C-alpha cells in the first residue's frame, strides 16, 4: 500500500517549475491533511510583505516546491536510485514536503519567545504526535513517521537524505531562493535548479556534482548572497520583525508576571508556555494579526505602543555600524538604551553580524562539503575548484552590524 | 498644496514593473489610508488560490500596479499632457489607485448577495463618505473626491480619463492580466504594456494607438483570451466560488427568516442588509475565513454541509455542455435539480455563456473603440486594421456553457 | 552498424533549447559532411539582416534545431515508439537534419531563376547523388538515402514522418519560428515547443494533440502570424530580396543572350543553367556577395545599376495597396512600368497576397489537419476546438498586396 | 551642422535593447560609411562559432550596441549633461560607435602577426586617415576626427569619456558581455546594464555609482567571470584560434623568406607587411575563409597540414596544468616540442595564466576605480563596499594554465 499510486498523476501549476507532480497516494493525502493545509495561512516571509508588497506567498507553495525539488532529484540525479530504495525515496519526499509544518506564524519572532523549541523540533512533533499527518504516515507504514522525523532531526540514520534535505545546498534552499526571489521581485540571483540537479551524481554514497554543474552552483551561492543582502536582511524588514518580537515578548512577560492581557491571546499564551501542539497549530497569520489589532487598545502602555507602532508602521531607526562615521553617536545610543531595562528589552537591538548570519544560514562554514566530481573521477571541494567561492565565504562572514532603536538617540 | 511633491521619490519594488514610483504627497497619504491598507487583506483572485496555489496576491499590489500603469501613461503617451491638466492627471492617478477600494472579500460571491450595489458603487462610497481616503482627498482639494468618484462612476465629465481607467484597454486590465498571469504561473499571454503605452497618442481628444503598437494590442487580446479560458473560467475555480456564494446566500436567507446564525457573522449581516460602509470595510478575507470555520459546526444542516464542503474541498461536479455527448444525462440532471427548491438554490448553477462573458468582461462589443492611428494620420478601428481581431471577437462570444451540481446526478 | 551510438553523447550548446544532443554515430558523421558544413555559410534569412541587423544566423543552426525538435518528438510524443521502428526514427532524424541542405544562397531570389527545381528538389539530389552525405547514408544502410529522400519529396511511404517533418505544425517550423524570433529580436509570438511536443499522442497512426496542448498550438499560430507580418513580409526585406532577384535575373538574361559577364560568376551560371550539383553546392553567401561587389563595375548598365543599388541600399519604393487611398497614383505607376519591358522585368513587382502567402506558408488550407484529442478519446479539428483559429485562418488569407517599383512614379 | 538631427528618429531593432536609436545625422552617416558596413562581415567572436555554433553575430551589431549603451549613459546618468557639452557627448557617441572599426578578421590571431599595431591603433588610423569615416567626421567639424581618435588612444584629453568607453566598466564591455552571452546561449551571468547606467552619477568630474547599483555591478563582474571561464577561454575555441594563428604565422614566415604562396593572399601579405590601410580594410572573414580553402592544396607541407586541420577540425590537444596529475607527462610534452623548432613555432602553446588574462581583460588591477557613492555622499571603492569583489579579483588572477600541442605527446 505504501507504494500505491494515484490512478492519474495530479499536478499543481507552479510559476517556478511549470508543474509540481504528485503520483503517490500517500503524498496526495498528506497534502490534504489539515496541518499541511494550515500552511496556506502562514506567509513564507512573514512581515517582509510590509517592505516588499508582493511577498505574500505562503509556506504551502514553498513546501510543495521543496517536495518537487526532491522529486526531481530522485528523477534526475545519476545513481540515486541505486542508493535509495523506494522506501527511502518516499522518506525523502515526505521529509521535503513536511519540513516546514512546524513553523508558527511570523516564525523568527515567534522562536524568540519559544526559546527551547525551534520550528524543526515542532515539525518533529507534528510528525510524531497526534495529528492527521501522523495518522496518515502511520497508516501507510508503521516506521514511516519515525523515519521521516529522524531525517528532520538530523539523527544520522539517512545521511544522504539529510544532506539533500538540509545542508548548504538542498531542496529546501533551492526552492526558497527561487520562490522568494520570484515573489519579491528581487532582480539578481536567479538560480538554475534543474542544472544543479542534473549535475548531481551519487558516488560512494556521497552526493557530488559534476564539474559542468559548478557554474550553476556558483550562481546559486551568488543568489543566496544577494537574497540575504537585499531581501532577508533588509533593515526595514528586520525592524518590522523586531517590533513583532517585542510584542510577543511583552505578552510573555506580562503573562509571566500574572498580568491579564486584554486581547484574544489565550492560544498564543498556551502555545508559548505549555508548548501544547494543538494550541500551536491553531495559530496562523490571521490569528496574530487579529490580536495585534485588539491590543492597539491595550491598557498596558508598552504593549499599546508596540502594537500601534506596528499598525502605523512607526518602525525603529537603524544605523549600519560599518557606514556610520560618527562613533560618538553610536556610543551615546548604546549607553542610553543600556541604562533603561525597558528600552533595552523592547526597543533596542544590536545585531552582531555573526549572530544574524548564524540564525539564517546555520552552517556557512560547512560549505566545503559541496563536492565537485572532475572528469577524471577525482573529487575536490567546490572551494578548491571554484576560484570565487573562497571570496564568497570569507566575505560573507562580516556582512551586517546594526543598531536598531525605537525611542530616539 | 495639491501638487506638493515628496522630498524624495518613494518606490515600491514590483516584480512586474521594476518599481512603482510615487512622488505626489497626496498619493503617498492615500496609500497609507486604512481603507487602502485593507486591500492587503483581500486577495485579488479570491478562492482561485485553491486551484492555483500561488495566486495568493492581494488587491493592494494590483491597485499599486494600476496606479503605476496610469503614471506611465502620463509619462509616455504622446500628447497626453496637452489634453490633461496637472489637476486632471492627479484625478487619473487617484482613480487608478482607488478603483478597487470598494471590493469586498471574495468579491464575486459577495456581489451575488449584495444585489443592488456593485463594487464600483462601493468604491464611490469609499471616496465620498466618511473615510480616511475621503478626508485626505478633501484636504488637498475640495473638488477632488467628487471628481475622482465621477470617473469611477463613468459620469462622462472626464471622458479620456474614463476611457483610460475602464474600457476594453485600460490601466486596470493592463495590470491585472499581467499580475494574475505572473502569480498563477499561466504560461501564455504575457503582454507588453510598455509598448502599448508608448504607442498611445492623443488625437482630437481621443485615445489612439499608432500602428506600430498593434501587435502588442493583439497580444494583449490573446492574453485576455487565454486568461479567461485557462484561469478565470477554470471550472474548479468557479465551482469553489459557487460554494462560497451558496454559503453567503444561506446566511442571508436564514437571517431574512429571522433564524439565528451560530457564528461570528454580525458585521457581514450588517453589511449585506444595511449596506453600512463601516461594517463593509471591516470585512476582509480573514473575517470570512473565520466564520466559515465556525459554521462547519452550525446547527443549520445546509450551512453546515456547505461550509464543510468548502473546507474539505468537496466541490460541485461540472459538465461542459459543449463536450458532453449524452443529452439525456443533461436533461436528467436539470429536471432533478429543478424539482427541489433547496437543491436549485444552493447546489446548482447552469451558466449560460453570455452571462459569464458579461459578468467578467462587461463590454466585449465595444472593442471597436480601440483606434489605430495610421502613418498617414488617418484612424481606423483595430478590427479593420488587424485581421485576427475579428476572429477573437466573434468566437469569444460562445465560450463556456456549464452545469454545476452538488448532489449527484 | 546503423544503430551504433557514440561512446559519449555529443552536445551542441543552443540558446533556444539548452543543448542539441547527438548519440547516433550516423548523425555525427552527417553533421561533419562538407555539404552540411556548407550550411554554416548560408544565412537562414538571407538579406533580412540588412533590415534586422542581428539576423545573421545560418541554416546550420536551424538544421541542428530541426533535428533536435525531431529528437524530442521521438523522446516525448506518447506512443511514437510504437508506430516508428528504430529504423524509421533514424529516417525521421536524418530528414529533419538534412531537409535544408539543398538551399542555395539567398534562396528565394535564387529559386526565381532556377525555375524548374525548388530547394526541396535540390535537397533530394544532395541525398541521392554523389556527395559525402550520400556516401555516409549508403555506408550505414543501402535503403537509407532513398528512404530519407522519399520523406523530403513527400512520396507517401512514411506518412507520419512526412507530417512531422513538413506540414502545418512540424519540426521545421517549430524550430525556425523560435530561432528567427530569437535572432531578429521580434518581440511577439514566442512558442513553447516542449509543451506542444509533450501534448502529442499518436492515435490510430495519426498525430494528434491532447487538449491541454491547444493553448500552446494557438500561441504557435499567433507566433507564425506575427513573424510573417512583422519579419518575413517586412516591405524593406522583400524590397532587398527583389533587388537580388533582379540581379540574378539580369545575369541569366545576359548569359542567355550570349553576352559576357565581367565578374566571377561561372559557377553561378553553371548552377542555374546546367543545374550541376557540384557547382550548385560551391555557391554560398560569400560567393554571391563577392560577385555583386565586382559587378558594381560592370559594363552592363542595368547590372551595374542593380548591384550599386544593393550595396548602397537604394531599394525600391513600396506601396501597400490596402492603405494607399490614391487609386490614380497606383494606376499611373502600373501603366508606367507596364509600358517598358526593362522596367517591368527588373524594377517592378506587384505581389498579390495569395502568391506570397503561398510561397511562404505552402498549405494554409490544410491547417484543419491539426487534430485535438479530447479527454473522452474523441478527436476534433483544432478549428472546431479553438474559437480563435477560425479567425486566424480566414484573415491570414488576405495579408499583403504591394507594389514595388525602382524608378520613381 | 554638427548638431543636426534627422527629421525622424531612426531605429534598429535589437534583441538586447529593444531598439538602438539614432537621431544625429552625423551618426546616421557614419553607420552608412563603408568602413563601418564592413563590420557586418567580421564576426564578433571569430572562430568561436566552431565551438558555439550560434555565435555568428558580427561586430556591426556590437558596435551599434556600444553606441546605444553610450546613448543611454547620456540620457540616464545623473549629472552627465552638466559635465559633457553637446560636442563632447557627440565625441563619446562617435568613439563608442567606431571603437572596433580597426578590427581585422579573426582579430586575435591577426594581431599575433601584426605585432607592432593593435586593433586600437588601426581604429585610430581608420578615423584619422583617408577613409569615408574620416571625411564624414571632418565635414561635420574639423576637430572631431582627432578628438575621437584621442579618446580611442587614451590620450587623456577627455578623461570621463575615456573611462566610459574603455575601463573596467564601460559601454564596450556592457554591450559585449550581454551580446556574446545572448548569441552563444551562455546560461549564466546576464547583466542589467540599464540599472547600472541609472545608478551612475557624475560627482566632482568622476564617474561614481550609487550604492543601489552595486548588486548590478557585482552581477556584471560575475557575468564577466562566467563568460571568460565558459566561453572566451573555452579550450576548444582557443585551440581553433591557435591553428588560425599558426596559419597566419606560416604565411608570414614563407613570405619573409621570399617563398611564393599558392593562394590568393596578396592583400593579406600587404596588410601585415606594409600595414597599408586600404589592404587591411579589404580583409574580412570571407577573404580569410577563402584563402584557407585554397591553401588546403598548398605545396608547402606545413601550410597544407594546418589548413586541412582547420577545415577538418583536427584541433590541437590541450592539457589543463591545474587538473593534470601526471607531471612527468607534462615534462615529456614540453621537452618534445622544445626540441623541434617547427613543432614549437606552429604546433605548441603554453599559455601562462597572466598572459591570457592580460590579453583579454587588460587591466583587472584597476577594478578599484569603480567608485560607490554612499547615501551619505561619501565615495568608497567597490572593493571596500562589496564583500565579494575582493574574492573575484584575487581569484581571477590564476585562472588558466594550459598546454596546447598538435603532434601527439
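Here the chain labels run A, B, C and D in written order, and each chain numbers its own residues starting at 1.
As a convention for this text, a residue touches a chain if its C-beta (ideal position, glycine included) is under 8 Å from a C-beta of that chain, and two chains touch if they have at least 3 such contacts.
Quick caveat: nothing in here was measured; it's all calculated off a predicted structure.
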item	value
Those chains which touch chain D and also touch chain A	none
Reference chain D; chain at largest CA-centroid distance	B
Gap in Å, rounded to a whole number, between the CA centres of chain C and chain B	45
Distance between the centres, which are taken as Cα means, of chain C and chain A, whole angstrom	52
Intercentroid distance (Cα basis), chain B paired with chain A, Å	34
Touching two or more other chains - residue numbers and ranges from chain A	187
Pairs of chains in contact (touch as defined earlier), listed by label	A-B, A-D, B-C, C-D
Residue ranges of chain D touching chain C (in the complex, touch as defined)	12-16, 18, 32, 40-41, 49, 52-54, 56-58, 60-61, 64, 182-187, 286, 289-290, 313
Residue ranges of chain A touching chain D (in the complex, touch as defined)	187-189, 192, 195, 215-216, 218-219, 222, 225-226, 229-230, 323, 325, 374, 376, 378, 387-392, 394-396, 398-399
